[in-house]
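What follows is subunit A paired twice: with subunit B in the first complex and subunit C in the second.
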Partner chain A sequence: MSGAGFLVDLHRCVGCGSCVLACRIENGRTEEPVWRRVVPLNLRRHPGGPTYFLSVACHHCDEPACLRGCPSRAYERRADGIIVHHEDCCLGCRYCEMTCPFGAPKYDEQRGVVSKCHLCADRLDQGLAPACVTACPTEALQFQRPGVAAGGDARAGVPGFVDPAGCRPNIRFTPPRGERRVVLFAAIEEAIRR
Partner chain B sequence: MTALRTIRTVCPRNCYCTCGMLVTLDEHGRIVRIEGDPANPATGGHVCLKGLSYARRVGYADRLLTPMRRRKGQAGFHPITWDDALGEITERLTRVRATHGPSSVLYYEGSGSHGVLGGLSMAFWRQFGGCTTTYGDLCWPAGLEATRLTYGANLHNHPRLTRDSRFILIWGHNPAETNVHQWRLILDAQERGATVAVIDPRSTDTTDAADIHVQPRPGTDAALALGLARIIVDAGLHDTAFLVEHAAGFEQYRARLADYPVERVADITGLNPAAIRDLALAYARTRPALLIAGFGLQRHHRAGQTMRAVALLPAVTGNVGATGGGWQYANLASHCLRELPLPPEPAGGRSIPVSQVARHLETLTDPPIRAAWIERGNPGSQNPAAPRVRAALSALDLVIVVDQFMTPTAACADMVLPAKTLFEEEDLVTAYWHPYLQWRAKILEPPSHVKPETEIWRLLCERFGYDTTWFPTDRVAYLRQLLPAGRESALEALMDRPLDLSEHGDIAFADRHFPTPSGKVQFASDEAAELWGVGAVPEYAPLDEGHASALAHRLPLQLLSCKTRDRIHSQFGNLDWVREVERPHVLDINPQDAEARGIPDGARVTVWNDRGRIELAARVTPGIRPGVVHVLEGWSHEGDPDVNALTGEAVTDMNHGATFYECLVEVERV
Partner chain C sequence: MSQSRRDAPPHTAEDSFVAPLAAHGTHVPHSSRSWLWKMSEHTPLVWFTSLAIGGAGMIAAAALRMRPDPAAPAVALAVGTVALGAALLVSTLHLGRKARVPLAARGVGRSALSHEILLAGATLAAGLTLLVMNWQAYPEVWARIAAASTAILFLLSIGLVYRLGGQRTWRGATVLLPLTTGLVCGEVSLLVIGSASIREASVAFWLVPIDVIVFAARWWTLARSASALTPRRLDASRLRNFSAARLLIFDVIPLVLLDMTAAAPAMIAVALGLVLDRWLFYALADQHTTESEIAGVEAIIEHQSRIR
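Coming up: the complex of A and B.
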């Protein structure tokens, strides 16, 4: 992990969606498609796997497929690694929607352009955390500074989240803790490795 | 650069957290940011998705912005002016009173928006000559009374002391979904090495992260509590020094424990005896240990005795009056305000139990209920026997509902008056988890045709020619005089930060003084026996409508209708922002029970009993105990299950609570 990004503690995240609402408010996305979503895994609580939630938006990848796939150079990488999208350059061709394996770029039918999470770059420039991070009531969602490796048990991939296109996304996950969930988690990770 | 201003306020919902909030407005008065107020040490700079959703809710397209009326028997409401609305209300209320007397009008207020100014409604009703009000509470009263009888007061440690706990026993409670700021503190304690154990027949976000999860049959918690105590005392792990000094009636209680050997308790609760033993020993051997009880285990008619049995465990183990320990149910430290000045209460008023609104609307005589005024509540969805509440309301001569949105209750009204939001009038808000009194600031003008309820009542008093001097002209001055005597000057400080105006300190009962008849913890309570006709020592007795009842042969499944993070009862779920992240309202059923009924995951099912039936999708989940099914409560939008079609109107053994979770059903595939 080299650029700025997110760290999600899967033990602390309760999947409440506060991050999603905070993103809507901060970015004025009242009725437009929202940039962040929470993916619940195993709400049915199948005994073969743990139940947890993935709060995800744009991962500001080191090898961003959106940027590579954009014919109009609407995407730009900042020095801190944040991938910003310039709406005024956007053709609305939606290629980035197709190339991004994580579904981060969202097409706005009304305005005919794409947009996505910019990691609250304006807030970061003022020394504030991204709005989603500030809103997280359990402090599960954290901002990762560029060039700082996520410590502890953080990892790049977890069951339910893989990097299928070699984008090297800047997101890390701390797995759920507690005996039951660790065992289940390890079993799934092992199955994926095989 | 736009000029932004940030205003401190508080979320007034009926929720543990009662978050301090910072709301930022742009120069057009639009909300551009909502954040938690770091000055509230309990909620610690966070709100939740519901608090954030106010940015959508205040200006939501469905919000009611003008009085609406409907002709009897006709579909659809049409807008009318306030002048016409108040004129018609005055005329029709006067007519009802003339024909049937003032008690023929039901005044029903729910818990939809906390604040003291709501009480000003009585300035009208008392001058009207009285009315029929409700008593008791749908939610928590049995646990409150059990705690009062046991410890003398509903107080508990400051939430942040949770971090000092080494063992946290969460009983009938789901803080990860319904008290998220408490959950953050529990997770902190867990990271510092505390063990988290949860007693809940369901699996929840709380049980997922717990170290220990036991799933007893609903309604058997009293037996479990007494069984745990028996194991603790037999093992000599009770705190003799504490009990000698601070227990009243311990020997009677100890004799009662003889009736609860682990084999019998295992049989009643459906738990493995080893699991009960392990839990008892783990709880008793780790100090400090905190017991957090929710409302879930007291939503049946044996509630009071159950809560007394559970509440005694911290006293048995001496976990009282210390950081990281204690009994945590409700903290009423902030409930320190003076009574509103009101006209004298007229003679001959009448009151009905809030859990039995349907029955009383249907059957009251002398006089019968002929009109109803409903505000801050949605009894047509949220009360037991809700369809009967709706039918009975629809049959009245006059129903007036004050609300922000067209709820199932409002749909039964003749007239709907638009309600203000939390941002549109000042108030003082108390809490029941942290000790802080908070100032609710007025940060927006109400939309042009919306009036705060206090103003509606004042205008009605004017129409009736009543004394209007009971109503504030200056709300700040009015609220100041409600602060505790000698603390009036705290109002300005309150505008700046939440305040604990109680003298209790952060550790409840730190001085080991208990304001009970004996000054000690009441293991036996003659007061309980005298007031409520229950045994002086708590005991387990099976539910009338429980797993061991005769009815269970025909209706074998126990239905729980719990709450989650997306809603406060029926509030918030109407908003698109919330629906986007909300939990599905499905029937949770164990694979064993589903298989026996030929129900595959996702199938449409009917849930029924002798009171009603609902239809919804099933989620076959091993997370729920066999014999138990679950539906989230809170009817917020079309398609939500009307779960209170199934619930009954029984009341709790103490303090007039509702019994939502004493509800047997059968389930079949549609």
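Coming up: the complex of A and C.
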């Protein structure tokens, strides 16, 4: 990871949605669209099978497709790698929705512009962590400072999360540990390899 | 995590829709519900690209065929220019902030969409210039070649706009489809209003087979991505039906009609086929998101558990 981003511990995340709620409160987003979401893997199809939760928002990619594609240059990369979106330049053409392979930019029907997670840049400037990170009760969601490599077992891709467009997203995942990892996580990876 | 949490009932609107079917073992594509919704969302783009491709194709074909008989190409040039102008107006309908259209030029040098918009404007200007020149005298060769080149570049740029890493169904040969469909459209339009000299020199019988090859390559790619082990939302039978209809209406029927020298009905078929082609293009869009990726993984797990 070269820019600022997130580290998600899949062993700790219980899918409570506190991060989603914190994001909505912090950014005053009482209605759709929601910038952060918790996506469960295998929660409904196979109740006895492996389950974990991916808490995802904008990944502030090193090669952001949204920034490259935007015809009005509404996207800008800050020095710390955060990709911010300037709504006053947005045409509402929704091309960034098509280009982003992670579904991060969200179109706001009422305002006619796109918006997305800005990694609580204003909070970071004050020395605070992003609201979603602060609200996580299990510390599964962590902020990664720019230029700092995620340590331990963190990896860029896990089953359910790939980078098909070469965007180099600044998010890392720590896989489940112990028995869950052997029985569940490894079983999914094995199934995909086949 | 507790068992009750794992077995929690569906909690989103889509889950409520899917769960009753899934509980009975029915395979429900993850985004099946969004198919018709996607079309209403993309309707302005379907009309924009249909009009723009048809218009630019007419401008390109007419610009290259103004000698020795400029009368018929001039009509095609006028119709193409009007169609392209209408396309540009229609393209603004899907914008959330229409007044900010001029900002679209800021992305030149970086954004494929900015390049497409600028080339659309340039093609429109080239069409108008050629029309004015034609009013006074035969347009110079350089002017005709410049106009045709701009129109062809614009047709190529339409394909490049949609060559996106996160879109599985808009890659490969799909990029060339606006160019081949546009040129077919332009050439057939000349046959409708053209003189005997234009009909004798027509390249429609070459262009249509080229379009068939390009579309077949796209069809093949789509069919592979819709295979059983790639759990995507593409439904194989729906894909087969619409792709066959497109091939029939845009390529086969016009070719037969042209062989019977029925150029006007051939043009009607080409126009209908062009709209169907663009409709199909957006209907089969397969946007990659984390949710769709997870749906794919879940389907693989399901498939593995079935064959065990």
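A few points about this structure:
In this section, the second predicted complex is superposed on the first by the 179 of 194 C-alpha atoms of A that agree within 3 Å, B and C clash if a C-alpha of one lies under 4 Å from a C-alpha of the other, contacts with A are read in each partner's own complex, and residues count from 1 in each chain.
The rule we apply is simple: contacts are C-beta pairs under 8 Å (C-beta built on N, C-alpha and C of every residue); 3 or more make two chains touch, one makes a residue touch a chain.
Keep in mind the model is a prediction, meaning the values are calculated, not measured.
Within the superposed three-chain arrangement, the count of touched residues of subunit A is higher for C, of the candidates subunit B and subunit C. When the two structures are aligned on the shared chain, A:Val14 is found in touch with subunit B and with subunit C.
Of the two partner chains, subunit C is the only one that A:Thr99 touches; subunit B does not reach it. By the touch criterion defined above, A:Val34 reaches subunit B but does not reach subunit C. Once chain A of one complex is fitted onto chain A of the other, the partner contacts of A:Ala135 are limited to subunit B, with no touch recorded for subunit C. In the overlay built on the shared chain, the residue A:Arg168 is in contact with neither subunit B nor subunit C.
Applying the stated contact rule after C-alpha superposition, one finds that A:Gly178 touches subunit B and leaves subunit C untouched.
Judged by the touch definition given at the top, the superposed model places A:Arg24 against subunit B, while subunit C stays out of reach.
When the two complexes are overlaid on their common chain A, residue A:Arg77 makes contact with neither subunit B nor subunit C. Counting contacts by the rule stated earlier, residues 14-15, 43-47, 50-51 of subunit A appear in both its interface with subunit B and its interface with subunit C. Of all the residues in subunit A, the ones that touch subunit C in their complex are 14-15, 39-47, 49-51, 54, 56, 65, 68-73, 89-95, 97-103, 107-108, 111-114, 159-162, 164-167, 188, 191-192, 194. Contacts from subunit B toward subunit A in the complex involve residues 31-36, 46-49, 52-53, 55-56, 176-177, 180-181, 183-184, 187, 190, 203, 205, 208-211, 565-566, 576-578, 580-584, 601, 619-623. Residue ranges on subunit C touching subunit A, taken from their complex, read 1, 5-8, 10, 15, 18-19, 22, 94-97, 100-101, 103-107, 110-114, 117, 161-162, 164-167, 287-291, 293-294, 297-298, 300-302, 304-305. Within the complex formed with subunit B, the subunit A residues making contact are 11-12, 14-18, 20-22, 24-26, 28, 30-31, 34, 38, 43-47, 50-52, 131, 134-139, 176-179, 181.
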